Each structure stands twice: as C-alpha cells, then as structure tokens.
Amino acid sequence: MTLMNFIYGFLAVLGAFVFQTSLTGINRKVTARLQKRRGPKWYQQFIDIFKAFSKSSITHGWVYDFGAIMALGGIAATVIFIPVAGMQAFPGLDNIFVISYVLAVGMLGMAMSAAGSGNPWASIGVSRALTNMLAYDIPFMVVVFTLIYQHNTGSVSELASIQQGVGILGWNFFKLPLGGIVSVIALFGMLGKKPFDSFIAPAEIASGPMVEYGGKQLGMMFTLHELMTFIEVSLILNLFFGGGETLLIYMVKYAILYTFTNIVSGVMPRFKIDQAVTFFYKVPLGLAFIQGLLVIYLGWGY
Amino acid sequence: MTMIFIFLGLSLLLSYVLSRKQPTLGAYFTIIASLAGLISVYLLRNSVGVTESFYYLNFQITTIGWYFAMILLTVYFTSAFFNPFWMDELIYPAAYNSLYLLSLVGTIGLFFAQDLMTLFICWETAVWSSMLIVQQGKSRQAAWVYFVISAIGSMSTLFAVLLTMYLSGTSEITGALTYFTTAPVAGALVFGAFILAGLTKIGIFPFHVWLPLAHGSAPHTFSPVLSGGLVKMGAYIAYLSVAVFPAYQVFGDSLKIQGVPLPIYGLMILGAASIVYGTLRAIQQEDAKRLLAYSSVANGGYILIGILMMDQMAFAGGLMHLLNHAVASAAAFLAIAAVAKRTGTTKMSELGGIIHRMPITYTVYLIAIISMAGIPPMGGFVSKWLIFQGLSEKGLILLATAAAFGSIGSYMYVFRPLSAVFLGQLAPKYEHIKEANPVMVTAMLILTAMSLLLGVLPNLVLKTIAKIQIELGINPIIVNGTATLTENGSVDMLQVFTVFGFGFLLILILFMVLPKSRRVGLMDTYTSAEFIHTPELLHYGHSFYAPFERLYEKWPSVLPLYKRMSMKLSELGEWAESFFFHPDPNRAVLWIVVVAIVVIIGGAQ
Amino acid sequence: MHEVQKNDRSLWEVVGDYFRANSIWMKWYCTGCGAIEMPPTMTSRFDMEQLGMGPMATPRQADVLLITGYLSTKTLRRVIYSYEQMQDPKYVVGFGSCTLNGGIYYDSYATINQLDKYLPVDLYIAGCMPRPEAIMNSFGELIEMIKKGEAKGWKHYKENHEWYKANQMDSLGEVIIHDEFHE
Amino acid sequence: MTNSMSNWIETLEKDLGVEVLDSPAKLQYFIDVEHTNVHQTLAYLRHVGFTQMSLLSCIDWIEQGKFQLICILMNWENGVHMLVRTMLDRENPEFTTITDIYPGAVYYEREIHEFFGVHFRGNPTYQKPLFLERWDDMPPLRKDFDPQAYSDSKFPRREHPHVFKTKVVEVTE
C-alpha cells in the first residue's frame, strides 16, 4: 500500500477511461455502419463528455451530488481492482465478489442521487435498474460459483492465468461452454445493452435515472457508464476468454468482445422489465444450473 | 457472574418502581441499567470457564456465550435510548420498562446457562417478557401468534431437555449432549426437538409467520430489539444443536450430499427457502417496518446456513453475520422509528423527501442498508462473503443460488424505503418536521460507527470467532492484520476501504474543480413540460417494484395454510365437545354404559 | 440581428465552445409540422450524427431547442417552461415561416406570429417546412456560429430578461398555469 | 330505402309529428325541431334505439341572427345517424342541458359555451374554461369576432432587417 500503488491506480483509471471511450466512439461508427450511415468521428464520445463537463449545471440538494460522487468514486475504485493482462495496482484485491459487490456501490450511489432528484421518472428508472440487476446477476453468480468451486480460487487474475498458455481451447469459454454463453448473455444485462435497456429507455421514461442530470453531473454519469462497461467486459474477458498475456492481446480481445455485444445489441428490440426477468430465470439460469451440476457431479470442464 | 444477574434483577424492580412515578425517568434508568450490564459482561471476557450457581440455576461463561451476550447487550443498550420518547404512547409504560430488562436478563441467562434446566427457564422468561411487550403494540393478534409459535419452540425445548436429562443422566449441557454419539436414534429425536426451537425463534420459512406480524406491530422502540436481539436466541439454540450436540457424528452414516449429512442439508434448504421467501415478500411490502421484518427472515436464513455448515469459512461467516445483522437491522429499525416519531406513520406511500428535514437519520439508514445488503465498505459484506466462500468450497450449488438471490434481492428491498421514505418529493405536511432528538441520534450514530468499524476492521470480531472455532475443534479462520485469508482467496477490507476512499477523493476533486451548480427546488423537475403543483402527485413511493411484483403476485402465502389448520383444529374440538356436553340425555346414558362395561372387564382381569 | 462583440470570451469559454459546437444535443420540441423533417435528417441519407448531433430525452441534458413549426399560445407556455429548464449555453433554432412571421396562421387567434419576441432565437430556417438539405446546411451554420461565439441568444435572454418576460406576459397572460387540469 | 327502413321512419314521423328529411349521406336523416320540444325528441329517439350521442355542435347563422344546435345520434342496430337540429336566438342563446338524457354531452356543452357563448341551464360546469387557457375576449368562433385584429393586437410583429448574416463588429473602445 505505497504511493506507487495509488499512482498505478490513477493511471489505471485514466487508461481505462481513455481506452473505453475511444472504443465507444469506434462502436458508434460501427452501429452507424450497421444502419448504412457514416456515423460520428471516433473521438466523438470524448467531445460529448467534455462538452457535458463544460456546461453549467443544477443540483437538487446534497444527496443529488453526493450520490453522483459516491457512484463514480466507487466505480473508479473498482477499476483499480480489475487485473489487466496480469498487472494490478493493488495486488491481492481482485476477488470476484469484491468486484461485483463494489459495482453495487456504484449502482446504489447512482440510484440514490437519481431518486434524490425528486423526479418520478428517475425513481421508475431506478426500480427497473435494480430489477434488471436481480435478473442478470443470479445466473452470473451461479456460473461464478461453479468457477470458484472448480479452480478453488476467487481471485480474477489467478483464474485468468490458469487459462493462458494453452492456446484457444484453454479458455473457460470452451471448457465450460454453457457457463460462457450464460456469462455473455449476463454481460448484455450488465452493460444495459439493447435487449435489457428498459431502465434507460429514452422514449418511455425520458432516459430513466439520468432524467435530471445536466452539465457536470451528466458528464460524470457518462464517465460512470464508460468505466462500468470497462469493468464488466474485462471481468467476463478474464473469467471466460483467458485475459491477455500482454496488454496488446488483452486490448484486442476486449475490443472484439465489446464490438460483438454492440453489433448484436444494434439489431435487438427491447424487453419489458418483467419479460427480462422471466427470460433470465428460464434459459440462462437453467444453463447455469446444468453447467454447475456437470462440473460438480460429473467433473467435466477440468 | 451471578452478581450481574442479581444487579439486573434489582434494576428490574427499581425501574418498575421508578416508572410508576415518572415513566420517562424509568426509561432513562433502563439505559443506565443496560449500559452497566454491557460493561460488566465485557469485563468477563477473559474469565472463560468460570461456573457459578444461583440457588438451582447454574451458569458458565463460554466465549460463544460471551459473544452472543455482547451482541444482545449492544442492541438492548442502543434501542434503550429510544424508550423515553415512547413512554406517552405505551399503555403500561412501567410494565414496559421492567419487562424490557426482564427479557434482557432472560436472554443473557440463556447464553450463559450451564445446565439444561437453566437453559429452559431463561428461554421461558425471555419468551414471556417479550410477548407481553409485543402486546402493547398495535395488534393483540400479533402478540398471540408470536406466543403460539414461541410456545412450539418452548414445548420442543422442554421435551428435548427432559429426554436428554432422562437418558444421559446428567443435566450439564456439554456432557448431556455428547452422550448421544452412542444413542443415535434418540439423538436424532433430541436434535429435531432442539433445532425446531431454534427455527421458530430465528423465524425460518415454515415458522416465520410471527416475525412480520410481531415486528410490524410491536412498539417502535421494541422492534429493533426483537429483530436485532431476540432472534439471536434461536441462533444460539441452533448453535447448541449443531456444535455442542455432535450432529455431524450422530448423522454421520446417513446419506451425504457434498459431505453434508441429509437432515442438516434439509435444514439448510429450509434456510435457503427462507432467504428467497423473505426477499420476495420484503420487496412487496408497503410498510417499512414489515419490510425490515421480512429482511430479518432473509438474514435469519443466512445465519442458519452459516452455523449449520460447521466449517472454517461459512461458520465464521454465520457467526459474524449475527453481529452485522443485529447492528444493521437495529440501526434501520431505529431510523424508521425516528421517522415514525416525527411523522407519525411508517407507511411508505404516505412519506417522502424526509432527507431534507432529517439528514442524520438518512445517513444512519443509508449506512445500515449498505451493511444489510452486504456492500463492501460495511460489515455485512465480510460475513456474506465468508458464507459464499464456504458454500463454493463445498460445492452446494442450490444454497449458493439462494444466497446470491438473497444478497442481490436485498439491494431491491433495502432501496425501497430509502427512495420512498427519504428521497423523492417532500410533502407539504412534513415541511416543518425537525431532525430526531439528540438522544436518539447518539444511539443511531453508535450503531452506524459499529457497522463501519466491522466493515473496515473485521479482524476484531474474527479473532473471537476463531477462538470459538478452536474450542469446537474446527480449523479456525486465519486473520492476519485486517486481511481474512481463506482457501478460496482473501480480502483485505482496510485496503478495499482505502482504495474506495481514494476513488471517492479523486472524483470529489474533479467535482470541486468544475463550476458550481445552481441550487434548484425539488418541484422544478422535468415533467415533459406540464405544470404540476402538488408534490404528493410527483412522489413515486407506492408499489415501487410493480412489474416485478406482478410476476409472483398469485403465489400462495403460508398464512392461509395456518389459518385453515387452526380452523380444522377448532372444528375437531367442537366435534369432540359435542360428545360430552350434549343437551339430550341419551348421550349421557351412552357414556354411563361404556364406563360400566370398562369397569366390569377391567375388574375381571 | 444584434451586433456581436468579438473579444469577450475567456479561454475556458473558447475551448467550451469548440466542444459545444462539435457535440450538439437537441431537445426535439416537435411543436408543429416540421418534426417530420427530423427523422430523414437523422437516418442514413443525411445522418446528422456525423456533425455530432443527436436527440436527447430531456431539456436538462439538451443544448439546442428546435421549435419545428407553428406555436399556439398553450404550446408556447410549455416551450418557455422547457427553455428555462435547459442548462446554459443553450440555443434555439426556429424552423419554418410560422416562427418567422406567423406563416399561414398569421391571422389566427391561437398562434403567435414571431418567436423571437418571446425566446432568443439564434437561427431561423426559412421554408414552409425546410427540407433535410436546408436543415443540414443550417446546422452547419449553427456549428460555425457557436464556434465563433456568435450564438449568444442565451446571454441576451439573461441580460434582457424583463423585456422577454414583458412580451410573454402581454401575449400569453401567464406562463405557469394552475387550473383544473394542472393541479 | 328498404321497406323495413321506411316503415319505422313513418312510425317516427307519426309519433313525433315531425318530418324526417333525407340527407345526401347514406343512412343519415335530419329532423328539425322547435327548441322547446328538443328534449322529448331526444328522449324518444334514445328509447327507440339511438343510444349513442356522437356529437353536439353549433353553427352561427349571423345573417338570420340564429345559433343552430345540432345533435348527432347513432343507432347501433341499424347504423343510422339521426341529426336533431334546432334554432336558438343569437342575442341571448338560452338552452337547458341534455346531460340528463345523454350524460356524455357535458364537455360538448362546455365547449359550445366557450366558443359560442350558449348558456346551458342545469349543467353545473358549463361556464368553466375547457380548451382556451386565459382567454380574455369574446367567444372566438362567433362570426362577429375578428381574428386578424386579435392576432395583430396580441401578437405584434416587427419588420425583419434584411440582414441574412450577423456582421461581426470590431469594437474599438
């Protein structure tokens, strides 16, 4: 816990933000090409965020600001926990549960500040976001449980290093195929991508929790979304696609996985929130259970 | 140690006399009495093994007993701060104060009981006194249901106590219970009876019915004690029936699931069922107190699973969750009680925007639900993390899913009061309410500091739990500095907290650098350009998770099942009664003839 | 229009204007018949996203308020209410002749004739509804104006607040309505 | 006209003592009635089968100094629309409400009062404003109301200077 760790941590947050925001810009172009139009510049996402920071803003009281700061602070801390290609700012902190529960700090902070703004649409958006979280997180937790049982370790970097060095087939995605599929579907839920984005639906509930944000709070919410995407995609990458031996391989795999989710979500409709819950509790939960029983009782996937 | 019991007994009578004259004085006295009890029990921490007797009740100090007593005393001490403000609302304030201390004495006696008879006597005092207090709440029916289900527990404890004393000959707990390794069949019976008492008191799935009723309608200042303290009695009994009573050896030869014998696995499934059931019901509730009551059902499930696992991680997690849940749910109940004191209601759809008038109560409730939901900086995370590690070590996939469902589901139901009661629009009728009384605020802040401390430095508690595990012979939880090490990975909570603080600081600087934002009133929100002037219309507090609740609206609840059973019972009674007390005489003639025949045959033997 | 001083912008404002010019979020106040021109401007043929423009859900998040057609007195009250909810540096673009001089409804008792008496309009697009080419061209114009700092309508509104309010009062009588349907 | 159609029209004319006029549109008939016995006609028609009142509207015949109230009824069995028309004096247009026969007419009466100024005795809410917010002039749909004058007075216009682009002025203090 020396000063160097904190500097590495700060660099990790900065690097994650820059990498993910430029990737989002590229993906906005990809989605545009999906719809046969040219799409914005690749650094458009940066401009959007800095423009939001440059505008004046309003506040509805201290909980409105405190919630936003707590959300972004929690998520920035989680980015420091994430092991990227074997490098970690604070070694020994990358337990899966710590990461997925500190994510909940970010979600709770945003929910608190959205509800604090007093707008009914924000509360409806928050209630949908929490229901959505209950939907996608249970199948994912069952798969994570199977992984921990199988490899006897909860630390993400160890799980990633176990899969490396044996080529593509060493990845958990091929050793535990059902678990891999469930986790990718859960990734769509985590990112709030198209099939499961009823909690930020712009037309229905005026962009849900973000309804009262403007100016710097809106910029903070955009950065929060970028960092949360980085955390969730790199979590799935490390658990199922073998995390990168070197930084370059990590970034290439990350880009492919994120663009895949973007393309699929570009053509998907939007679930109502109770349809999303019933969907997640039928197919993905079933697959996760089958995968768990296969690993525990039949010992496959070792 | 008997000095403490004598002292508490005297303070009991003194508080009765005091509050006969001046109720609030008696209430303040209960604070002093519980503080004295807390300090004196704390001083006993290194005199383990001392046995004392008090006429025919004999007690023994054990680390586990000391640990349970400390949890209970903190909850009693902090909620005692709220007594003085409820004196005018209670029907019998003097009885309330004295019964408050009586239930305290009963539960501490139970934890330190050395032989089975003392165990049963202290169990009865606690049950009786708490039932008489719950009766002073809103509904008598709640107290009646609470007593009936506790009575099931008492009867099964009595049966187990008498059977053990008869079979094993000695009444001393450890000696009597370990006898059953030689007699597994009777052992199973005793185990069943004991664990039944534990289940009724923790409020596990089939026996949870009393919990929402009693907590919901008990006087506001007693429900934190009910959910924080008295539920732990059941956990102690569960501990006795699994750790002291050699359950794993007695059921050693039965079918094993992942190394856990079938009857214990069945109980764990009951615990998992109560987690899922408590979470689903809590998400539906409209009243904040009933919601917290159902959350106690869910957390009771975690505690039961943790204690029944009896291994390095989940057992430690279970015991620590006892403390975390006690502190967190007591703080949450006290915050809701403070709001109820100011606004007069705990129904969520009638409240809103209380944060603008009671910010400290809001922060207390926020820290409490962060710990109850098991989110890192607070204590709740460490215990739930240990339980999940224990489960994934043994590979019990069904329990792990229920545990995951419980912890993710808890985000939903803990956030509902936060948003419906504290955030959202402030109704004009609550425009001029003031912050809670400073005495109340100190109690709540003590509990908040405790749950923060437990989160950042879990090793303080885990050291005592490790001592308990050594006494039981299971390999203890390894703690070095603030990191808790387990086979499946370790977590250093102090580091997590510092990194979290670092992230928070980073963003605070970013927030301060950017231009200051303009303060805008709550009603100046985006209503798609329509003019709305009444805040109540703009507050979203009613049926907060409507789409999710619709999914399981039509699921049957257990309550009607009990109602039908009770009706069947009373019909049976009437049918039997009609035989003996029937107006027309030939019924009487029938019975005379029957008796005559029996006498003749009997006489002929 | 009004003369524009060249040198009253600080560095922070110049940089901010660059960002604000390249990423304009629109609050689509589809008041009139011009709203139907926006989808073709967004979709593949004209694609306004390459200019960095896109629709946003609420006035709090938006920079430019598009008034796309005739404004009845009732709609104008809601438009003024939304305009005041937007965050500073905000711009107003008036579509079509109905905002310029009343258009075909010049003699109606219900619609106003000139938008810039009530709101500071930075850019008018003539036409009885301008086609997507005209809209894309004028958005390019708006971007240039913002970059050079000429789109100062929001400052003008702040400085002459009473004048605008006076105009609004005598044309509309009252902006915030509290009656049987809005309690 | 099918024979079943024609005979119920005869019975109608016989009972009401009023002449049913045919109209260019299919299945649509007019009845002109004095404003005193409009209510009996409506009640009878409702009894006969015209259960739905589709619209109540008003026409301003300024030359004859008359308001004409038209009540469009519809019969669901045979799909016939019946228009009951009556003339009111323009100076003080008094009428009693028809909400006791067709409750749905309450908002139509309010609208007619707002736009024409016809008073509907017996309808408690007919004087409350419905569509026009903060209206401060005579009912606008009457023929003697001049919208052009109202628009010029209420929404003034100024001449646009023929400048198509803002000139950037060098300020030299």
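For reference, chains read A, B, C and D in written order, and residue numbers begin at 1 within each chain.
Everything that follows uses one rule, which is that contacts are C-beta pairs under 8 Å (C-beta built on N, C-alpha and C of every residue); 3 or more make two chains touch, one makes a residue touch a chain.
It should be emphasised that the depicted structure is a prediction, and the values quoted were computed from it without experimental measurement.
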Per Cα centroids, the chain farthest from chain C: B
Chain occupying the middle, per Cα centroid: A
Inter-chain centre distance, chain C versus chain D - centres from mean C-alpha coordinates, in Å: 37
Distance from chain D to chain B - Cα centre to Cα centre, in angstrom: 69
Chain A and chain D, separation of their C-alpha mean positions in angstrom: 60
Overlap residues in chain B, where contacts from two or more other chains coincide: 526
Interface hub residues of chain A, defined as touching at least two other chains: 56-58, 206, 211-212, 215
Contacting chain pairs - touch in the sense defined above: A-B, A-C, B-C, C-D
Parts of chain B lying in touch with chain C, wherever the complex brings them together: 524, 526, 529-534, 537
Touch list for chain C against partner chain B, complex: 58-60, 78-79, 81-82, 85, 176-178, 182-183
List of chain D residues in touch with chain C within their complex: 128-129, 132-134, 136-137, 140, 145, 147-148, 150-151, 154-158, 160-161, 163, 166-171
Complex contact set, residues of chain B against chain A: 258, 353, 355-356, 359, 362, 366, 370, 373-377, 381, 385, 388-389, 391-393, 395, 397, 400-401, 404-405, 407-409, 411-412, 415, 418-419, 423-425, 483, 487-492, 495-496, 498-500, 502-508, 510-511, 514-515, 517-523, 525-528, 538-540, 544-545, 547-548, 550-551
Footprint of chain A on chain C - complex, ascending: 12, 15-16, 19-20, 22-23, 43-45, 47, 49-50, 52, 55-58, 60-61, 63, 86-89
